[in-house]
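Okay, got some structures for you below.
Below, chain A partners chain B and then partners chain C, in two separate complexes.
And then the complex of A and B:
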């Protein structure tokens, strides 16, 4: 291995200063689960890694506010979300998603920040977070901004982050009784990355929905909201026909990528079926947030 | 043949826990991966990036500049220490490092040595090889006729009589054409009421032991020691000695435990290379492949099987024609043996009077293929049991009844002309049908979920003739040590062999110590492969223990102890040597009777010492909207003779069935221009726990192998046989579509359903 520098700053702000907006060989290190694989495969050769493990402990905490909103530090390991009683109470869709996300070893070290910054469209949490309307607070050496997760992800392994910006925390707004479901569809082994991820979040009942969010991931170049499907769902009686139409709308709206997990026409069929199923589950058995 | 008299020891048939279980779970057993020797160099390979090409130049200049690189070796250096550096069990076709030409993407071209493996890895990336690309051939059926040939000239190893005629043959990819004719197939087809013909294909897959290939060599120039994760230490010694032009006793091969093998770690894999490198550098050399490099080492044959049957009105199969193309990849490895030894079972466990088989071993420009848990049998069963179900459906006969009607039973001739005995195909079929509640009404599902079920039966002959030798030592205190070359790679052979010794000597199996392969001390064994060890080594071990028992009895007589007395063994030694001293050495050697098949007709009066049978029953659900298939129940039944250790037998059956389930549903090496595009376990998916059937029953039928050690025979592969066709047959039963290629992915099922209702999904 070519030697590189490894730094362990004590504060997140200091960490941003050790990064370089123009140098792609310098990167922050969260849990390292994604980064180490890239280094092992030789696709990333760092000159410097800035480890975030020693930054202020508040960046690893999960806080639930009185209105039911959450502030989750970027360094919080996925396992801490998985086991948080508050999350289980207010955002059970996240607790459930953790059960299909990778394995216990990865969840124990992977961080929520790394999970969002990595930009891999196959990740399970981003579509869920988008459907919940989550945002991230991002800091740079002398800047700070808040970006909806839906806008953070801009393409295949691409995000809006500058190379010297860091995700500081994840903010999830109160869900006020919305019901959410995430369906992970694999086409090879069950423990595989998804061929398609579908996250839906709806407010209302069979008489009609007042709010609907349909998000698709994995089969697309980034996790993305499907406005065509969401729009169609609000208003009319929420019957199986409507869900079928929403599936159809989603299938024709999204641009899909064919690969060894499935061809484009097959994935289109999966979108059709899984959007419909996710909506049905959300309205019937879905978990109230 | 050796007469078997069961003894009353009670050790055979005990489900004792594995002898090594505690040391394994506490991390105390030895694996070659953990071996570090003083002064040892690590190797990283530079591999071919083209499927077929001439090497124009190898530029190592930049790579040598990496600090810490010890040396970079190419075939030029190898030729100086090993003038003819080609190896292989059937053909001497595989060079230690590519000489002049490369034959597949991933073939080793140069070896970078450094004390630090990371340094070697970094330097290996900087070696620049320039190729002149040549046309390549990838498909096995095409390879038979192709003008593109992988090797200019065939080089059979000389060990197998049926390959001799291929010596020096030029301009062909055909590494063996096995033929069998039984009865009068032409007449049977001419007179048939029905003729059915189908073609089935299987994909290239790999072994995926959790311990990848690893070997270490050290030499003083006069002797050579190789520590290696090998299933065939005796072969490694022979072949390394041959390559070096040394006598066998100058080469020592040590094999501790293996973290899985499945047929991959047979013959020569990395051993010849590390041996050459240690001679070139005069330093200990270690080569440990990464998980990903397994994709370029050994695979399972892709195959095409055209099968045609003549069937009478009342559902008797009267004739069968089998044409099988085996995609052997760039080097023959043991492929030609698979072509013949498995090839002759291609018509299936059926009583068919008129049979014709053509089985072709073919070279292509893909990574080499060899033995993988079943030695070609799963590819054949996939085809003939799919075909069998298709015929039964077409004739509107219940698939189990159709099989029952045509099954090969004891006393009847198999296609080779060998009269079968102790085959148990009927017992396995009946037991599977019973466990599947075959005669009870079956819930066919509703809505978007459709349910189906099926049973498939396969069989295999033992690879013959092969030899095993064992030694049993009894120390002066009566404790007992077994020296045997069977490699325990997780299958539990140490435990089973200890049970055999214990049975004969009437001692607890737990007290027997088993010494692992070290060719300096353990005697010859052909290899741990093809489910042969329980039978062959089992006999050798039994004979060695019986020899020790006889010598103990002689010792007792000599010191004046009456036969049958309970004087402890240590007392016998003390009476003779006046102190705790001396050793009794029992030896045993075994090779079964065998008649080689006639060249041209494939006929033999005695083609195998025993037959293995495996049947699988599957119930499943198909999601008609997505093609996803979920197994709800799986039954695996086998005839293993008498189970030496029933618990181990059960886990062998389930392990084999799960492995084959991966080959059935998900596993496939994808290629683009000969380049494997999913050479990592992120993209090549093996089954995980979540993929296992919720209920899985693994049982053996009540049986006794008349000539087996204590009635036993092999078990390691039988669980694989029926899995793939049972899965495909059950899918057809559920949704009426037939899949003829593996693996059976949800997309494939969904597409077939679309095509069946005339709404084909575009590509």
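And then the complex of A and C:
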């Protein structure tokens, strides 16, 4: 890696002032696991990194509120979500997703804010968080706004964040008994980037769903809701035929990217199969949250 | 732009140490170049293989993806600090007894991860072992022996603490 300047502000607001809206060679650093790969590959050559590791400790905490909603500091390591009893109780889909997310060492270091700000479509948590209706609170030098995770991600490694904005916290609304499942498909080695990620979250039972969210990632340029599939699912009896139709609708709706993980036709078939499978598991798996 | 070195202080295998680090140096480079500790070594350089595993404040990290300056104020433990003098750790003994390596390049990482695994699951089943060690690669493919070693180490630890 080439030399760069490293700053370590003590507050998140101070950190935004050390970033530069117009300079892409200056970036914030959380756990650094993803950025290190880019720097080692020479894809990213920073002039300055602003480490967020010394900011206020409250940005690393996980808070569950009385209504079952969560406020999670952006600097919380993924392992702290993985081992949180509150998350296991209210958001078991997150606990289960951690079991297939990278490895123990990366989860010990990588942060939830970094995972979202990186905008990498292959990551496991963004689709899950979109299906749960999560939002991020974002701060800039003189600004603050709240953005749904679904809108945060705008393209391949692209987000809505200005270069001097930072994710301060993740807000997950109460799930009120909805059931959620995340499935991913890797086509080469188990630890490889997925060819497809599917997150679904549904309210209701086999008689009919009152709410359904279908999210696709990895095969697409960004994690994204598939409204065509979600809309189809609400109302009619939730039988296997409906789930198959939802898989078909998702497969026709999303724009897929062919790469070394699989061709576009191959991934289209994966979408059919995995959307249907995820919906069946959500309804029949008995996993309530 | 200042790319100046920074002086950091940390505990290395139980001993307080000081080092000069550049912002772009990794922890594995620091351990090798300034402390002559070569047990953690960079292999895949992507955090996938586990050969560079070290413990920071008791938690495993990939030393190749961890900037050296992050170690400031922490306690770092490497494979070199696992044995108590000449007395090997039960996990080290178990790996030798089970023949759980061939070339040995990945072994220091597997042993540190196994120590963590046994802290989390004192009597792990095959699934727990496979899952926990999924982030460590042995290109000699001694996986069956590694699983046996982990189970043997669990038994040895129980005997030691009983």
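Here is the rule we go by: the second predicted complex is superposed on the first by the 286 of 289 C-alpha atoms of A that agree within 3 Å, B and C clash if a C-alpha of one lies under 4 Å from a C-alpha of the other, contacts with A are read in each partner's own complex, and residues count from 1 in each chain.
In this text, a residue touches a chain if its C-beta (ideal position, glycine included) is under 8 Å from a C-beta of that chain, and two chains touch if they have at least 3 such contacts.
No experiment lies behind these values; they were computed from the predicted model shown.
In the overlay built on the shared chain, the residue A:33 is in contact with chain C alone; chain B does not reach it. The partner of chain A that touches more of its residues, comparing chain B with chain C, is C.
In the superposition on chain A, A:2 contacts both chain B and chain C. In the superposition on chain A, contact of A:265 is made with chain B only, not with chain C.
Once chain A of one complex is fitted onto chain A of the other, the partner contacts of A:187 are limited to chain B, with no touch recorded for chain C.
Using the contact criterion defined above for the overlaid structures, shared-chain residue A:92 touches neither chain B nor chain C, since it reaches no partner. In the superposition on chain A, A:141 makes contact with neither chain B nor chain C.
By the touch criterion defined above, A:42 reaches chain B but does not reach chain C.
Legend: residue contacts after superposition of the two complexes on their common chain; A:273 is shown touching chain B, with no touch to chain C.
Touched by chain B in one complex and by chain C in the other are residues 1-2, 190-191 of chain A. Contact residues on chain A toward chain C in their complex (touch as defined above): 1-6, 32-33, 36-37, 39-40, 47-49, 51, 53, 79, 99, 102-106, 108-109, 190-191.
Considering their complex, residues 1-3, 6, 22-24, 26, 45-48, 50, 53, 59-62, 64-67, 69-70, 113, 116, 131-132, 134-136 of chain C touch chain A.
In the complex of the two chains, the chain B residues touching chain A come out as 118, 121-122, 125, 625-626, 628, 662, 666, 670, 677-678, 680, 682-683, 685-691, 745-747, 750-751, 761-763. Against chain B, the residues of chain A that register as touching in their complex are 1-2, 41-42, 185, 187-193, 260, 262-263, 265-266, 269-270, 273.
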